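Structures for review follow.
Look for chain A in each of the two complexes below; its partner is chain B in the first and chain C in the second.
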Partner chain A sequence: MNLLKRYIIPRLIQYFIVIFIGVTVVFLVPRFTPLDPVVTVLNRMTSYGAQYLDPSAIEKLKDTMMELYGLKGSIWEQYLGFWKRLFKGDFGPSLSIFPTPVISIIANSLPWTAGLLVVVAILSWVIGNILGGIAGYYADKKWSKFMSIIAMSIYPIPYYIMALVLLILFAYIFPIFPMVGGYSIGLTPSLSLEFIFNVIKHATLPALSLILIGIGWWFLSMRSLTSTIVAEDFVTYAEVMGIPSRKILFQYVMRNGLLPQITNLALQIGGIFSGSLITETVFSYPGLGQLLYMAINNGDFNLIMGIAVLSIIGIATAALVIDLLYPLFDPRVRYR
Partner chain B sequence: MKKFSIIILFILMLSLVGQTVTFSQVLPKVPRHETLIVDALHGRLANPKDFNFWKPGVSVGNGAQQMLFDGLWYLDSQTGKVINALAQSEPVYENNFRKMTVKLRKGIYWSDGKPFTADDVVFTVDYLMKHPGMSYSDALNRYVSKVYKKDNYTVVFELKESVPAFHYLFTSIVYATCYIMPKHVFEKVADPLKFEFNPPVSLGPYVLKQYDPQGYWWLFERRVDWRRTSVGQIYGMPQPKYVLFIYYGPDEKKVMAQAQHQLDLIFDLTPESWEILRKSNPYSRVWYKDFPWAWMDDVRARIMAMNLEKPPFNNKDVRWALTLATDIVDVVTSGFDGIARVNPLWICATESLLKEYYLPMENWLKNFTLEDGFKPWDPTVPDRIVDYAKKRGYVVTGNPREIFGIGWWKYAPDVAEKLLVKNGFKKVGGKWYLPDGTPWKITITAPANFEIHATRLAFAVADQWRKFGIDVNVETVEAGPFWNKWNLGDFEVGSYWEVPATDFYTFVQGYHSRFYKPTGQVATSGNQIRWKSAKLDKLLDELVKLQPESQKAKAIVSDILKLYVEEMPAPVFIINLKFNSQDHYYWTNFPTSDNSYMAPVWWWGQFKFILPHIKPTGRK
Partner chain C sequence: MLLVIRDLYRSDKKFAFGFTVICLLIFLALLSFVSPYDPKLWNVVPKNQPPSFRYLLGTNSMGQDIFWNLTHAIRNSVILGSLTAVISIVIGTFVGLLSGYRGGSLDRFLMSVNDSFIVIPSLPILILISSIIKQHISLILIAFILSLFSWPWGGRQVRAIVLGLREREFTYTANFSGMSTFQIIMTEHLPFVIPWVMANFINTILWAIGMETTLAIFGLSSLETPTIGTTIYWALQYQALLRGIWWWIFTPVILAILLFIALYTLSVSISNYLDPRTRIQRMRMKEGGQEA
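And now, the complex of A and B:
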């Protein structure tokens, strides 16, 4: 009961306040930018031939669209309407792809973003941490130094360059992997093995590019954490006690080093809702990043809000879950 | 040595695996030699399954309008010729342009077997008028009092007022037009704003076979009954059995794809990307076989737009001074490596418009004088660009005047200086000062990360004006704010591209002072430069009473062009250029400078008429 009152309830309140403030900011920011979604759509229409409309007809069209897009009321009325819709899980219609519901646009892209980024985050976390832990524990070995050099060389490479090099190597010079899309043209989405393998094949290069960079980061951070922990008294004591080094590494050293890494992993997974713009652009891979970029350029307030709200909820929830689970990982929190 | 051999073997194996995959990875289930692969204009579409063109904001340039929709008329910007598509002939006006009769082509069918008749046209107009918010609804309501069929293949429009250009609403002049709806589909639709028209019933020569729910590609298959379409009747069978529209991503990927013969037609590339592609794929070409390669007959041209409400740009002498302080050959060579056609008039210097407007005006241009008697016309510009090209080692074949334009304004900084001094400007220590004594600073607004040619022009012109003694800053802005600044007039000078071509007649209507919007208000109907002229109003009042195709209308257009030169509201520099590269590996006979039968616009609705002209090379 005490834990609930002193730990869980304050964190829940904090969670809702963060979401409320975040969502309000997301509502206001696009409206204070010089972007006007109706004018943007009209620009697109006029540059694509609607200039054959009489100028007065264009004026009339502008008014009609303001009405349709729900942009005619005061900002306060729009804000209230926004919260009402949000409680029903409705972000309203996209303004650049009117009147497609924002929720269906996001739902179309989210599985691809989530599928790729969750797998990438977990794989690079696991591989990077294990290798980093081993390299940090056996810091004097030649292979450990070699791995560190590799990680230090890969990590600072700008992601765009890394992605492009992989693409040129494995989609152009050796065209093993495809250059575009989530699966091949002609295939119908299904649970067949052919389709699943095809999806994996399409995701390989985007995933590889993210994993390589991700491993570099996790490796370096874990190695640095481990090299500090190794020097602590309890590790020396364990060694003196004759405990096998593998056990010391995995159960004493790495377990302690994992705590900040778990927090980072949770935040990373919580942040996937904003997608990965560069990966999606370079590999033409479906996802939320390009949607967000397109929404910002077109002044599509509703789509910007839809993606940003999900992202805020994702990160806040991840932070909350970690806060609530921390006592399980770290006895020091439990006994405080 | 053993290890080295293993590595070589591994690389060879990889390349062999690669070779087998190369031609199958894009289209594993469709024969490549029967498929034309086209770059998708809009990139990835967030809602790729929506084919309801008549909703505002639905993007149809990724294949839908080229393959599935059809309109009454198309005006080809390259040749200036009209294609009577669904209409059998040109419109007939009566009663002082208050009544328009259209004869429709017989024997046209929708892809589901229903005949196309006057009922579809009447329904389209009625339906759009009854549904506010749909595209063209406001325009049709503005003009049409009644639409009805005289017989199954004759439609009559009765108009509320005299509208000599009413048929332009149904003519694809640039990009698209008001396409005709299938009555038998839409009459069952209660709320067309929520209707996605999927699967689409086609009036074009192809049907939709498959699309990517993630919005990267759309595959179309030729209709078995292609003869029952306007394309089939006019030009014969579209050659590719399949047409795939696909978005590969940024330029680098498009270059890789075309170098691998996996992308036949590209929308546009940067000059640098084209240079790489040219060197890596001998089958790739753009419009010209040699220098300057690019297609330079696009329907917009680059201007230094000046907000005429903001001093000192409200002064004609200042605008002319800035024009004469610009060495166009230097701009074209330093900013574009000579790949440009100069475009001095307020109409694009396309192949057809050069003949129609530029050449007849050449004498007037030669004799045109500024107030002090100075003749600013410089016909030597094309030859000087050729000289530059030759020095660079490029081969130029063809008439320089047809390729690089017939001339521009002289580089005359001394005359520019006189014009400014006359208006109270002072030059001290090589720097210009405004009449109020403050240093003259100009900010040029330019696009960031898109429309690279506009950005380059901004920097090239900024260099010219700096050399002349003005403190110039180039501000690059992302697309959203860039266009908002344009509409609100939130710019001093902007590198935009608002110059009409074959659409001059309608384009200029928005410059009438009755549509004028002061700075700070959105100018959606054009005239973002805020040009107000009683003389222009008078000419526009006359023009609007005439049919655009008439000789009288063309004479007034020429008068407007002359007025623009006299007033020089914003100097026009070069026509837009595109590196819309074609790969001749699987398909050939695309429109080129040697065979300019149509504008090479894969992203416009008229692309469907190019398809019967192209030929397979026989490669598999």
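And now, the complex of A and C:
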């Protein structure tokens, strides 16, 4: 009960504030820019040969477009309507693939991104933290310093450039992995072993570029956390007790270091998501990033809006879930 | 200030590396002022020439000299990064100072807004904004948009420092002698926060240049202005890699990697220098080294 009041409810409130601010920003941004999406689309249509329509038809067209974009009425009515449609999961039709609703296009590419994101987040978190913990505990050793130099030169590289470097290295100079796509052309998606292997082979490079940077970040933060924990009294006490150093490292030092890292994961998940969007476009991986790239190139405004809103909600929810799992790992939050 | 730089340069290898690379890059950026070519013009030199004495880093398919183009690219990227950092740090520092000093419900409100901006995935929103204003986009506009998402990190940090300062003797003295909130945070607390802001400044530059590169890849930056991002964008648009014009794509990529690592090592070594705990650790390590 106490836990609920002190920890879960404030966190839930924070969750709704995040979604509220995010969605409001997405709603306001297009409405405060000088460009009118309806006019833009109308201009494009007339340049494609719709100029022979009579003025009343164009007026009607404009009316329908306003309806489709949710641009009718005062700004408050629009805002309420925006939320109402959001609850129904309706983001209007896509413009590049016209009558198909945005939501079903997104539903097609979401599993690819979600799968990549989950694998990458878990793998890089686990590997980075274990390596970082070990390196922080044996901070004076040569290999530990060497590892942190490598991590320091990998972590600051932007996702995009990392992906490009890996693509040049492993698909162009040493053609080990396929250059683009989610699976080979000609294969039909099925649950066969061949298809799964094919998907994994195509996902290796995108995942690797994300994991490398991820490991760099978790390694560095875990190492600095560990090096402060090592200086604490209970570690000295454990050493004096004669507890084997491997046990001290994994059961006392790492255990304490992992807790802030869980909170960090909740904070970082948005950044990892942005990274996966970028990486996907480099490798033409059929996820949300690729979809977003297509939407930008076609000026598909509804699709961009839909992806922006859904990713805000998705990432906020992921962060919420991680934070709500936190008490399971930290007895201090549970019992106080 | 100069003394600190000299000390750091001698004692910290990371700082020495970062500082040297940054100085080199700034020198390159300054060279852009004596560039013989206008970076916005095409076909000023023969196309697709490999590196030679005449064209140091070769030329690209748009008929531009890559070396001179690059000097402009570094300059523009650094300007963009610094502008973003200045704007976001002014906002972040002010919010942090106010939030930390006033506390209470104002603090709770500002920090929930702050945290929300940290958790919201910035890339989709940045893409949404820049795809709408695509026709009007300029470097300055990009800097403003980017600072919308980079201020909260600094804000949190400043607030944490001010929370400690607030309970100190001199804050009470200032308060009892009738200084207003604004005066206290600006004259009493700000000086304590400035060193941290410096480290954060470098981090924000790093983030902003990375983000601009990313937006450029999507074709959402000011594409006729050479920056590191747009250079890569054009190289990719012309399929430089597949056509074997490797010098076009390798140059900006290697440069970007150098720039990022240098900025990062600088910011790490500055924040290490500022953190009293690691300073003590360093001193202990030195003493230990002397004994052994």
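The criterion applied here is as follows: the second predicted complex is superposed on the first by the 238 of 336 C-alpha atoms of A that agree within 3 Å, B and C clash if a C-alpha of one lies under 4 Å from a C-alpha of the other, contacts with A are read in each partner's own complex, and residues count from 1 in each chain.
Here is the rule we use: a contact is a pair of C-beta atoms (placed from the backbone, for glycine too) under 8 Å apart; a residue touches a chain by one contact, two chains touch by 3 or more.
In this text, all values refer to a predicted model and were calculated from it rather than measured experimentally.
**Student:** A:F174 in the overlay: touching chain B, chain C, both, or neither? Say first, second, both or neither.
**Tutor:** first
**Student:** For A:T281, using the defined touch cut-off, is the partner it touches chain B, chain C, both, or neither? Pick first, second, both or neither.
**Tutor:** In the superposition, A:T281 touches chain B and chain C alike.
**Student:** Have a look at where A:L292 lands relative to chain B and chain C in the superposition and call it first, second, both or neither.
**Tutor:** second
**Student:** Comparing chain B against chain C, which has contacts with more of the residues in chain A?
**Tutor:** B
**Student:** Contact-wise, after the overlay, does A:S56 reach chain B, chain C, both or neither (first, second, both, neither)?
**Tutor:** first
**Student:** Figure out whether A:I196 sits in contact with chain B (first) or chain C (second), or with both, or with neither.
**Tutor:** neither
**Student:** One more residue to check, A:P99. First (chain B), second (chain C), both or neither?
**Tutor:** A:P99: touches chain B, not chain C.
**Student:** Considering only the touch criterion stated at the top, classify A:I21 as touching first (chain B), second (chain C), both, or neither.
**Tutor:** In the superposition, A:I21 touches chain C alone.
**Student:** Determine, under the contact definition given at the top, whether A:S184 touches first (chain B), second (chain C), both, or neither.
**Tutor:** The first partner, chain B, only.
**Student:** Which partner does A:I9 contact after superposing on A: first (chain B), second (chain C), both, neither?
**Tutor:** In the superposition, A:I9 touches no partner, neither chain B nor chain C.
**Student:** Would you tell me the residues on chain A in contact with chain B in one complex that are also in contact with chain C in the other?
**Tutor:** The answer is residues 33-35, 164, 168, 172, 281-282, 296-297, 299 of chain A.
**Student:** What residues of chain C sit close enough to touch chain A in their complex?
**Tutor:** For chain C paired with chain A, touching residues are 14, 112-113, 115-125, 127-129, 131-133, 135-136, 206, 210, 213-214, 217-220, 232, 241, 249, 253, 256-257, 260-261, 263-265, 268, 277, 281.
**Student:** In the complex, go through chain A and note every residue touching chain B.
**Tutor:** 33-36, 39-62, 64-65, 68, 94-100, 105, 108-109, 112, 164, 167-168, 171-176, 178-182, 184-187, 189, 281-284, 286, 290-291, 294, 296-299, 303
**Student:** Under the stated contact criterion, what part of chain A meets chain C in this complex?
**Tutor:** The contact residues of chain A facing chain C are 13-14, 17-18, 21-22, 25-26, 29-30, 33-35, 37, 152-153, 155-161, 164-165, 168, 172, 227-228, 231, 266-267, 270-271, 273-274, 277-278, 281-282, 292-293, 296-297, 299, 301, 304-305, 307-308, 311-312, 315-316, 319.
**Student:** Would you mind writing out the residues of chain B in touch with chain A in their complex?
**Tutor:** On the chain B side, the touching residues are 11, 14-15, 17-19, 21-22, 25-30, 44-47, 50, 55-58, 61, 132-133, 135-139, 142-143, 168-169, 171-177, 193-194, 210, 212-217, 219, 244, 246-250, 252-253, 256-257, 259-260, 262, 478-481, 483-485, 487-488, 490, 503, 506-507, 509-510, 512, 515, 522, 524-526.
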